[in-house]
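Each of the two complexes below includes subunit A, the first together with subunit B, the second together with subunit C.
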Partner chain A sequence: MTLLRLSLRNLTRHKRRTIFTSLTLCIGLSMLIVSMGFLDGADRQSFDNLIYYQTAHGKAMMEGAFEDEFVSLDYAFQDADKIVENVRIQSGILAATARLRSNGMLISGTQEIPVIVEGIDLEFDSGVFKTLDAIVAGETLEPGTSGALMGEMLARDMEMQPGDIFTLLVRSAPGALNPIQLKLDGIVATGNPAIDRMNVFLPLHLAREMFILPDGATEIAYKVNNEKKVPEITEQLQDELPALNWYTWRELSADFIGFADLKRIGSGIMLSIFVIMAAVGIGNTMIMAIHERAREIGTLRALGFTPSSINKLFLLEGAYIGIIGGFIAVILGSIVVLLFQKYGMSLEQYGDMDIGYPIRDRLYAFWTLKSVLGAFIFGILLSLIASYGAARRAARGQVVRALREGML
Partner chain B sequence: MVNNIIEVKGLYKDYSQGRVKALRGINLDIPEKSFLALAGPSGSGKTTLLNIIGGLDIPDKGEIIFETRSLKNMDELALTKLRSERIGFIFQQFNLIPVITALENVELPLEILPDYSKQRRRDAAKDILKRVGLEGMENRFPTQLSGGQQQRVAIARALVKNPAVILADEPTANLDGETGNKVVDLMKKMRDELGTAFIFSTHDQRVMDRAEVLVHLVDGRIQS
Partner chain C sequence: MKRIVILITLTLCFLTESQGQTAKEWLDRIDANMAFMTAEFTAKMTVHHPNGQERMFRFVSKVREDKFALMEFVDPPRERGTRYLKREGNLWIYFPRQDRTLQIQGHMLREGVQGGDFSYEDLTESRELEEMYNASIESETDTTLIIFLEAKDMTVSYPFQLITIDKVSSLPVQQLYSGIGNTPIKEMIVLETLNFGKRKFPTKMEIRSLLVDGKWTKLEFEAIEFGVELPPDIFTKESLEKKH
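Showing the complex of A and B:
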């Protein structure tokens, strides 16, 4: 109790110095909190994007399809509609749909470009994906028509507008080249560059005709009613329908998640340097303090305070600076993060540049207790580490020299 | 029969790799309840002797017997414990902690002792501050007190744990003559009331005159 009170009072000796040291730490920690907020926001937006447009909550494919880098009809399977119906009746499943994907060549005028052709079930796809809600120009696909949708960046690259006619050249399942003329009904902007740059969407029945795969699909995608139960439900589907391999969205996005984690670590290290610099400031403050108070340290030792008590006294002072700086940083950082969580940050200046996240237009930060608390604890720990050298020196100093010369 | 509280036996201490000989064979018996002055010019070894008696410094040769226990065989923690329980210190520059009040300064030595509740600490500190004539000034910070008052707080801080001995290094050197005399009077009064031995260094003749036992040190040796 004495040490707690004494160390707290000691901070009031040089108020300006205490405030300046705490503020330095506060600035470093605030930057860390804001950056973590943006990384958390980017992760959240990216995961949502992946679930809405790419992976759903999970997918089923033929064995080897997920591991193969290339989209291929070799992994197509039959009786897809029956499997979808079977999936829909499983417990925990909210919706399911079949998709048929393969490669193709888009030809418009004199231009041609390789694309991914994806047949989507107009009746059920919206229950699982948001692709049909992401139309930014033109209109949606109508059942029974020969229309198509394409990604925003692909349409721009090909200088195409809704209503334009183009040719899609695909190789059917039996191996024959099959050209088909289509009208561009609409343009989708999902924010996921992999989709917006490469994908052409057709009604599933049309894709099946083109690829000569009646009732065929390359994947079954599903949405569950409780996201936390995705692994459990996926396992259950694997047991019930073992002919296909079932994957959770996290498994399907493992590369992206790993990459995002790496980025988080990298950013964390970069920003930690600022905080470490602030911690060096704390270390200097503590060294100044022990030199100024050498005689007092000697007095306390003469009164019977043990070296470890002196050590604790200075560590506590460092911890208090960490707590003050951390507390202000939590408030400031949280305000900034919450503002960016509400209003977001425009990404217009980046244009089509791939920022490494499937995000378009605006990046929204996301406040998490974990990140804020983590930064706060990190600040206190760093303050303790920074104070340790000075505290150790104070504890080990010669009492007689401290009393006589005021030096440790 | 009067018991010795401290026995100094053949004490030698050098500094600066033997170039400065601070103590050269000091032998001294200090009885209980003594009021003893160590007199001598600067550099005569007064402070060194006090530091060694208080377990703050270690002699090169010789030993201190404190209440029948030799300090020679004690490690740092045992010496710290001895100081916390049996020895009080008073310093020339008072050495009060400036960020806490007079009352809290006096409570400080009790906070590291077991068996002292918060209330007991507070009562003991208030009582001793009253005895040294600082009633009503408990909540003042050291900077709000005069030099004499600060030294009174230091005396109260040294006395509050009922030590066997108080070691005071030039307790009046930073005070004017009249205040210095009052401080010495107070120390003597406390010795009479509480039975605590006082050993203090001084080079002030008026203080020496008030000592019951006067030990003169010259060049690290006892002269008389």
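Showing the complex of A and C:
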């Protein structure tokens, strides 16, 4: 208790030094908290985007389809509607839908661009995906009609507006080329560049007609009622319907998740270096403190303080600096993270540049107790480590020399 | 490569009867012009994009019948040394910079060669058109004959084709390729034919996209020699990957 009081008093005696040292640490830790907040936000936003627009909670495909980078019809399958019906009655499944996906060429005037053509079931798709809620111009697709939706970036690249007519050239499943004229009904902005830049959506019946695949699909997407049970339900589906390969959204996004983890590690290392530099400042301050207070240390030793107590005293001072700096950093960092969580950060200045995440327009931070607490504890531990050298030096000093010469 | 040149003429091999001449007779006359055992030629391919950008490629090709071909790009410098080997329906590409050979198969066969309007499939297709299409004579004048081809099933790229033949030279002069619904996709026009001894041969042709305004590919034969001696081991992967 005495040590706690003494170390606190020492900090208050040297207010300016305490404030500056804590501030250095505080800046480093705040940056760490804000960065972690953005990384958590980017992950959360990316995962939401992937689930809402790309992977659903899980998907079923033919073996080899997942690895097919050309998105060809080589892996299309028949009886899709029957399979979807079967999926819907499985326990834990909230909704399921079939999609028919392949590549094609979008042609308008003198422009042609490769696209992904995706047939969506207008009756069931909204139960699994949010694509049809992401229309920002024009109108939605109506069952039985022959319109199309297009990603916002694609429409911009092709200089197209709702109501425009364009040609889609696709290769049917048997092999014959099929050029077909379509009207652009609406434009979707999902926030996922992979979709907004590449995709053309058609009613499933029209896609099946174009690709000559009646009752065909390339994937069955499903949504579960409890996200935590996705792996378990996917395994259950694999057992029940083994003709297809069933993947969880995490398996489907494995490349992205690996990339995001690497990015997190990289950013963590960069910021930790900054925080470590702040900690070196703490160590330096503590060394200066023990030299200035050599006589005081000598007196304490003469009054019966053991070297171990002196050691603890300075370690406690370091820890207090860590706690003060960390506490302020938690408050400051959290305020910044919460502000960006609410308002987000515009990505407009990056234009169409690929930032490595399926995000565009705005990036939102996300506050998590885990990240904030982690940064706080990291700050205290670092302060302790930084103070250790000085504390050890203070504990080993000779009492007589300290009292007589003011040197340790 | 010969495939490109005679693609349009082979269509005639199964024609029924036109006024005064049967399909067989047309075939014989065209074959007399087009068919060869071996040939070596230098050709220039120009790919014109709608934005006005043009890319020119020059290649030399050695061909034996319709089954074997070895083609090497000599221009532009970036493509120099890139080789294509066609061997009984299979196609390999050798990239000298990476010292890598890639077999073109599956979906890649449908991509355009060097971004042009000739697909790899056009190069490798070895089925005879007779197997794939039903033919009928659309119309006939004193100088031309137009033949309509309709695919027997939907496994062919172009389910409908319309071929115009110059009856005087016995050569196809125009070919219209259409997709499902008989919607025109591209057309090939023979721009020039030259005499090689008794043989007439198309030496300049253009393939034009009918969907994308201003996109076309032009093929010009700069030098052709028929009946050349070709070593038996030339159409092998060893030749394909041979370093200069």
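By our rule, the second predicted complex is superposed on the first by the 405 of 408 C-alpha atoms of A that agree within 3 Å, B and C clash if a C-alpha of one lies under 4 Å from a C-alpha of the other, contacts with A are read in each partner's own complex, and residues count from 1 in each chain.
One rule holds in what follows: a contact is a pair of C-beta atoms (placed from the backbone, for glycine too) under 8 Å apart; a residue touches a chain by one contact, two chains touch by 3 or more.
Quantities reported herein were computed from a predicted structural model and do not represent experimental measurements.
A.B. asks: Tell me which partner A:112 touches in the superposition: subunit B (first), subunit C (second), both or neither.
C.D. replies: Touch status of A:112: second partner only.
A.B. asks: Who does A:176 touch here: subunit B (first), subunit C (second), both, or neither?
C.D. replies: second
A.B. asks: Could you say whether A:13 touches subunit B, subunit C, both of them, or neither, answering first, second, both or neither?
C.D. replies: So A:13 only meets subunit B here.
A.B. asks: With both complexes superposed on chain A, which partner does A:72 reach: first (subunit B), second (subunit C), both or neither?
C.D. replies: Second partner only.
A.B. asks: Could you look at A:89 and tell me whether it touches subunit B, subunit C, both or neither (first, second, both, neither)?
C.D. replies: Neither partner.
A.B. asks: Please name the chain, subunit B or subunit C, that touches the greater number of residues in subunit A.
C.D. replies: B
A.B. asks: With touch defined as at the start, can you tell me which subunit A residues reach subunit C in the complex?
C.D. replies: For this pair, the touching residues of subunit A are 70, 72, 74, 107, 109-112, 167, 169, 171-172, 174-180, 212.
A.B. asks: Note which residues of subunit B are touching subunit A in the complex, please.
C.D. replies: By the definition above, subunit B touches subunit A via 47, 51, 54, 56-57, 76-77, 80-81, 83-85, 89, 91, 93, 95, 97-100, 104, 108-109, 111-113, 157.
A.B. asks: Using the touch rule from the top, collect the residues of subunit C that touch subunit A in their complex.
C.D. replies: Spelled out, the residues of subunit C in touch with subunit A are 50-51, 106-108, 110, 151, 153-159, 179-181, 183, 185, 211-215.
A.B. asks: Give every residue of subunit A touching subunit B within the complex, in rising order.
C.D. replies: Against subunit B, subunit A makes touches at 1-2, 5-6, 9-10, 12-13, 295-296, 298-307, 309, 399-400, 403-404.
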